[in-house]
Amino acid sequence: MEGLLSTIQQALQLLLYGDAELWAIVLLSFSVSIKAISLTTPLALLLAFSLAYGNYPGVRIILAFFNSLLSVPTVVVGLFLYVLLTRQGPFGDLRLLFTQSAMVIGQMILCFPILVALGYAAIQAADVRVWETARTLGAPRWYIILTIFYEVRYGLLAAVLTGFGRVISEVGISMMVGGNIMGYTRNITTAIALETSKGEFAQGIALGFVLLSLAFLLTALLSYIQSKNGGNT
Amino acid sequence: MEGLLSTIQQALQLLLYGDAELWAIVLLSFSVSIKAISLTTPLALLLAFSLAYGNYPGVRIILAFFNSLLSVPTVVVGLFLYVLLTRQGPFGDLRLLFTQSAMVIGQMILCFPILVALGYAAIQAADVRVWETARTLGAPRWYIILTIFYEVRYGLLAAVLTGFGRVISEVGISMMVGGNIMGYTRNITTAIALETSKGEFAQGIALGFVLLSLAFLLTALLSYIQSKNGGNT
Amino acid sequence: GEPIKLATTTSTENSGLLKVIIPYFEKRTGNVVHVLAVGTGQALRMGQDGNVDVVLVHAPKEEMRFVDAGYGLNRRSIMFNDFVIVGPDNDPAKIQGQHDVLESLHNIAHGKYLFVSRGDDSGTHKKEVHLWKKAKLKPDLSWYREVGQGMGRVLQMANELNAYTITDRGTWLVMRSKLSLKLYVEGDSLLFNPYSVIAVNPERYPTINYLGAMSLIAWLTSVEGQNLIKNFRMKGQPLFFPTAINN
Amino acid sequence: MTEPLFVFHGIQKTFAKVEILRKVDLSLYPEKCTLITGKNGSGKTTLLKIIAGLEKPEKAEIEFSGKSHSWEKIMPDICKKIIYLHQQAFLFSSTVESNIAYGLRFNTMTREQRRKSVKKALELSGLTEFAKKQANTLSGGVQQRVAFARACILKPKVLLLDEPVSNMDRQSREHACHLMQFLKSTGTSIVITSHVPQYFDGLADMHFELVNGKLIET
Amino acid sequence: MTEPLFVFHGIQKTFAKVEILRKVDLSLYPEKCTLITGKNGSGKTTLLKIIAGLEKPEKAEIEFSGKSHSWEKIMPDICKKIIYLHQQAFLFSSTVESNIAYGLRFNTMTREQRRKSVKKALELSGLTEFAKKQANTLSGGVQQRVAFARACILKPKVLLLDEPVSNMDRQSREHACHLMQFLKSTGTSIVITSHVPQYFDGLADMHFELVNGKLIET
C-alpha cells in the first residue's frame, strides 16, 4: 500500500513540477491524437451515415467487417504501416517512418473503424422522422446530415470520445512507426512503456496518472460545453 | 509489396495448418477476453442504466470520469494491478500474478469504463416512453430494465463489441500481469509483441490476421443472430 | 512442484537459447520453468518484488546492487557473449576494421553521424553509456537518437535511419539477414557482455520457490548446462560462451 | 354515489416556474368515467401522469381506504392498480401480439390462459389480422388501437386515457367506447382527456375542464 | 377548373405482399383542398408520403407541366414544392422558434426577413408565448401546432397534412383552418387526411375515401 501512496505522490509532483521534457512529451501525445481524431471523424461519420441511410446491399457484412477491425491489436496496425512506409516499401520514398506524421496516420487507421461502428450505432437509432422532416422542409443533403448528427449528438460524442481514448492510450503504433525517439516522437504511452521496461513502475503509473488527469479535464470541458449548448441529454 | 503478399500467404498457412501451439494461444486469448467481457457487461450496463435513470446529482461528473478512463493505457492498468497483486501488495496472498485470472481481472478493469460510457450513450437515447409504458403496464423493475435494454439492443451490442475489441486487442495488461509465459499465459497479442521484438514482422502480421479472421467470424455470427431475432435495425 | 519463475531479458529469450536448453532441465529434474522475458530493469524489479524466483540478466553493476541490497543470493556468472558496433553499409564514419571501440565512437560523434541508442537502461544501454563516458564524449540530439526500445527494434530503426548502433551479438545474428547494416567493430575487450543468474533471497520472501531457483542455477552451472550453452548454434554460429566451468 | 377508490388532494406541479396545476382535487369512483377537457398545454397530460405515478408532483395527498398519504409514500403501492395510456401511443419493438401480452406477464396466469386472453383482446379490438405484424409497420391509428387494447386487457382499477381515440377511424372509435363502457361496468374507474367531448357523451359521468391549473366542473 | 399542378397516375404500393394502393390517381389543383378519409390502415399516410417523395412506390407516373414522368425521375425536382406534415408531429430538439425557422434557412431571405417571418408565424398560430421553449417540453397539442406552423410558413405549392388537428383544442383547430383557408387563397394546393371530415366542411373542395387501395369520390 505504501507503494501506491508514494506513487500517487510522485504523480502529483510530476503534474505540478513536471519539467519541460515531460510537458513536451504530453504535448506531443495530445497533438498527435487530436490531429488523428479530428482528421478521421468527418470521413468516418459520413461513412457511418451512408451505411445507415444508403440502403445498399452488403451493409451488414461491411459493418461486421468494421466491428471485427475493432479487435486488431495496435502493434499489428503499426507493423502493417511499417511495411508500407519502410524504405524499400511502396511508400518508402515519403520518408515518413519515425515521424509524428506516421503516428498520426497510424492512429487514424486505428480509430476509423471505431468511429464507423459507434457512429453507425448512434445514427441508426435516430427516429426516421428526423430524415423525413428535414427532407420535406427542403433541407439540402448536407444539412439533412447535420440535422441527424445533431439529433444523435450524444451518441456521436461518445463515439468520438471512445476513439480519442483509444488513440491517446495506444502504444503499439507509436512505438512501431514513431520509434519512441526522445525529443522527436516520444509520447506519454511510449514513455510509460519505457519506464516499465526499466522497472520504474511508479514512474509509469505516475505518467499514466498525468494522462488520466488531462483526459479528465478535456472530457469534463467537453461535457460542460455540451450542457451549455442546451442539450437535455 | 512482395513482403505484404508473402505475409498474407504466411497468415493463411498459419490459419489452415496452424499447429496445436498456435491454437492453444488463440484459445487462451478468446477464453480470457470472453470471460472478461461477460463478467463485466451485466454490472457495467446496470451502472449505465442507473446513471441514465437514477436522477441523482453528479451524474455528469461521473460520466466525465468514466469517459476519461477510456484514455488510460493498458500498461498502466497492468502496472496498477501489478502493484495490487505483487507479493507484498494488498492482494499478494492470492498468488494471482502471472496467471490467466489476473489477465481476466485486468481486462475487466479495462472494459468496464467502455461499457459504462457506451452503454449510457445507448440507454439515454431510448424514448422515455419505454420506461413509462413498461412501468405503467406493471412491469417489475428488472423487467423494465430488460425492456429498455431490448429497445436499445443495437447500441448495447455496439458497446459490447467495442469492449470486446478493446480487451482482445490489448497487450499491456496481458504482458504485465500475465507475463507472456509460453503455454500458460501467452495470448495472441503477447505472442505478436514477442515476434515483433524479434523482428519477425511477417509472423506478427500473420498472427494479427488470424485474430482478425476469428473476430470477423464471431462478429458476423452475432450480427446474423441479431438479424434472425427480428431486429429491424 | 511449483513452477520456477525465471525473469530474463528479451535478448536471451529472442536468441532462442532458453527454448533449446530449458526442456533438458525440465526433463532431468521434473521442474517446470515459466520464462518471463522483459526489460533488464523490469526483470530485476520483479525479483525485487518477489514475483519471480530467479533472474537471468546482463548488467553487472545493477546485479551487484541487487545482491548487496539483499534481494538476491548466489549470483553466478554463467556465460558471456559480446557487443558489436554495426552501421550503414557505406560506413560514412569509416570505422570498419577498427579494434578500438572508443576511437570509432569518436569518429561517429565528430562526423555527427546518426547513432541509435536503446535509451532504456538495459544492460546494452548501460554498456553504451559507459563507453561514451569512457570516450569522454557527450552525445547530443542532433545526431543521437535515444529510442527506448528493445534490441531488435533498435536494429531495425538503425537500418531504417542509416544509423550506427551497438548491439549484442545474439540479436545481431538473429536479425542480420533482414538488415542492410554491416558489422564494423568487434573484439575490443571493452565489449565483453557477461550474463549472470541470481536467485531471489528466500529470507525476504519465504514462500518463493527457492529450491527450484537453486536447482536451475545448479543445472545451468553444471557440465550438462554449460555444454548445452556452448553447443547452442544460431545460424550456424556459436553465440554464448560458458563461464561457470572452464573446459 | 359509492365510495371513491382514490381521492387526490391538492396536486401541485410547476414547470420552469410556471404553475401548471394549482391544488387540483380529483376523486376516482369505481364504475364511473371522468372526462377532462382543456386547452393545449393546460396540463391534462401532466395531471394524468401524476395520477399514474409517472411524473412527480411538488405536492399531492392521496386518500385511499380511509387514510391520507403523501404521493411519494403511497405511489409505489397503488400505481400497479392504475394504467396510463400515452397521448402518443408507444409500442415496444416487437409484434402486436407480444405488445398486447406485455402486461399479462406479471400476473399468475398460465401460458394458455394468457394466449387465450390475448386472442380475445385481439378479436374485441378488431386487430386479429395484425397479430403477427411488427409494431413499427403499423399505421398511426392501428398503433393507437394496439396500445389501447394492451391497457384494457389488464382490467385495471383505474384507467387513464390520454386522447385515446384521436387517430382512430369512426368504427374503431365506437368499438373503443363500447369496450370502455364494458370495463366501466366491471368496476373500472376511467379518466379520459379529449378535445372532442361529444365522442364520450354516453360514457362520461362527470366532465371537468382544466382552466388555469384548476379543474372546473362543466 | 384551372390546370392541375401535378397529376399522379397509377400509384401502386405493396407492403409485405399486401397491395395497399392499387393504381391510385390523384390530381392536385392550385387553390383547392382535397380531403381524404379512410379506415385505419387503409393507406392514407402511405399515399401522402409517396406524393411527398418520402416513400417509394412500386410504380407511379407524374404529369407535370404537360409532360408525364416516372416518380423516380421527377421526384428530386418537385419534392421541394411539396411539404408533408407527419401524422405524429416530429420536432427537432431545439426551441420552438428555431424549429419554425428550419425550412426558411434554405432560401434567399436575409436574417432580418427570416426573423420577422418567424415572429409573424408565431403570432398567427398563437405560439408566441412558447417561442423560447425547448420542443421536448411541449404538450402534444402544442407540438402539433408548431409542426403545422413550421410547414405553413414555407408557403409550399402543395401542402400534405396528415391528421393535422387530431390533438389540437377547438380554438387552435379553428385557427388552423383559417390559416389553411388563407394558404389556399394564395394558390397552395392542400391535401388533408382526417377521420373527422366535419372539421373541414368549409375548406375541402373534394372529398375522397380510400377503400381497398382505391380513391373513391364521396
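Per-chain residue numbering starts at 1, and chain names A, B, C, D and E are given in the order in which the chains are listed.
Methods note: contacts are C-beta pairs under 8 Å (C-beta built on N, C-alpha and C of every residue); 3 or more make two chains touch, one makes a residue touch a chain.
None of these values were measured; they are calculated from a predicted model.
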Most remote chain relative to chain B, going by C-alpha centroids? E
Dist(centroid_CA(chain C), centroid_CA(chain D)) in Å evaluates to 79
Using CA atom averages as chain centres, what separation in Å is found between chain B and chain C? 36
For chain B, which residues are shared contacts with two or more other chains? 86, 196
At least two other chains touched by the same residue of chain C: list those residues. 150, 153
Mark out which residues of chain E touch at least two other chains, giving numbers and ranges. 88
So which chains end up touching which? A-B, A-C, A-E, B-C, B-D, D-E
Which of the residues in chain E end up touching chain A in this complex? 49, 52-54, 79-80, 82-84, 86, 88, 90, 92-94, 102-103, 105-106, 134, 136, 150-151, 154
The residues of chain A that touch chain E in their complex are 127, 129-130, 132-140, 143, 147, 150-151, 230-232
Would you tell me which residues of chain A are touching chain B in their complex? 1, 3-4, 7, 60-61, 63-65, 67-76, 79-80, 82-83, 89-90, 114, 117-118, 120-122, 124-125, 152, 154-155, 157-159, 161-162, 164-166, 168-172, 176, 188-189, 192-193, 196, 201, 204-205, 207-209, 211-212, 215-216, 218-220, 223, 227, 233
Chain E touches which residues of chain D in the complex? 15-16, 37-42, 44-45, 87-88, 130, 133, 137-142, 145, 162-163, 166-173, 195-196
What does chain A use to touch chain C in their complex? 86-87, 97-98, 175, 179-184, 186, 190-191, 193-194, 196-201
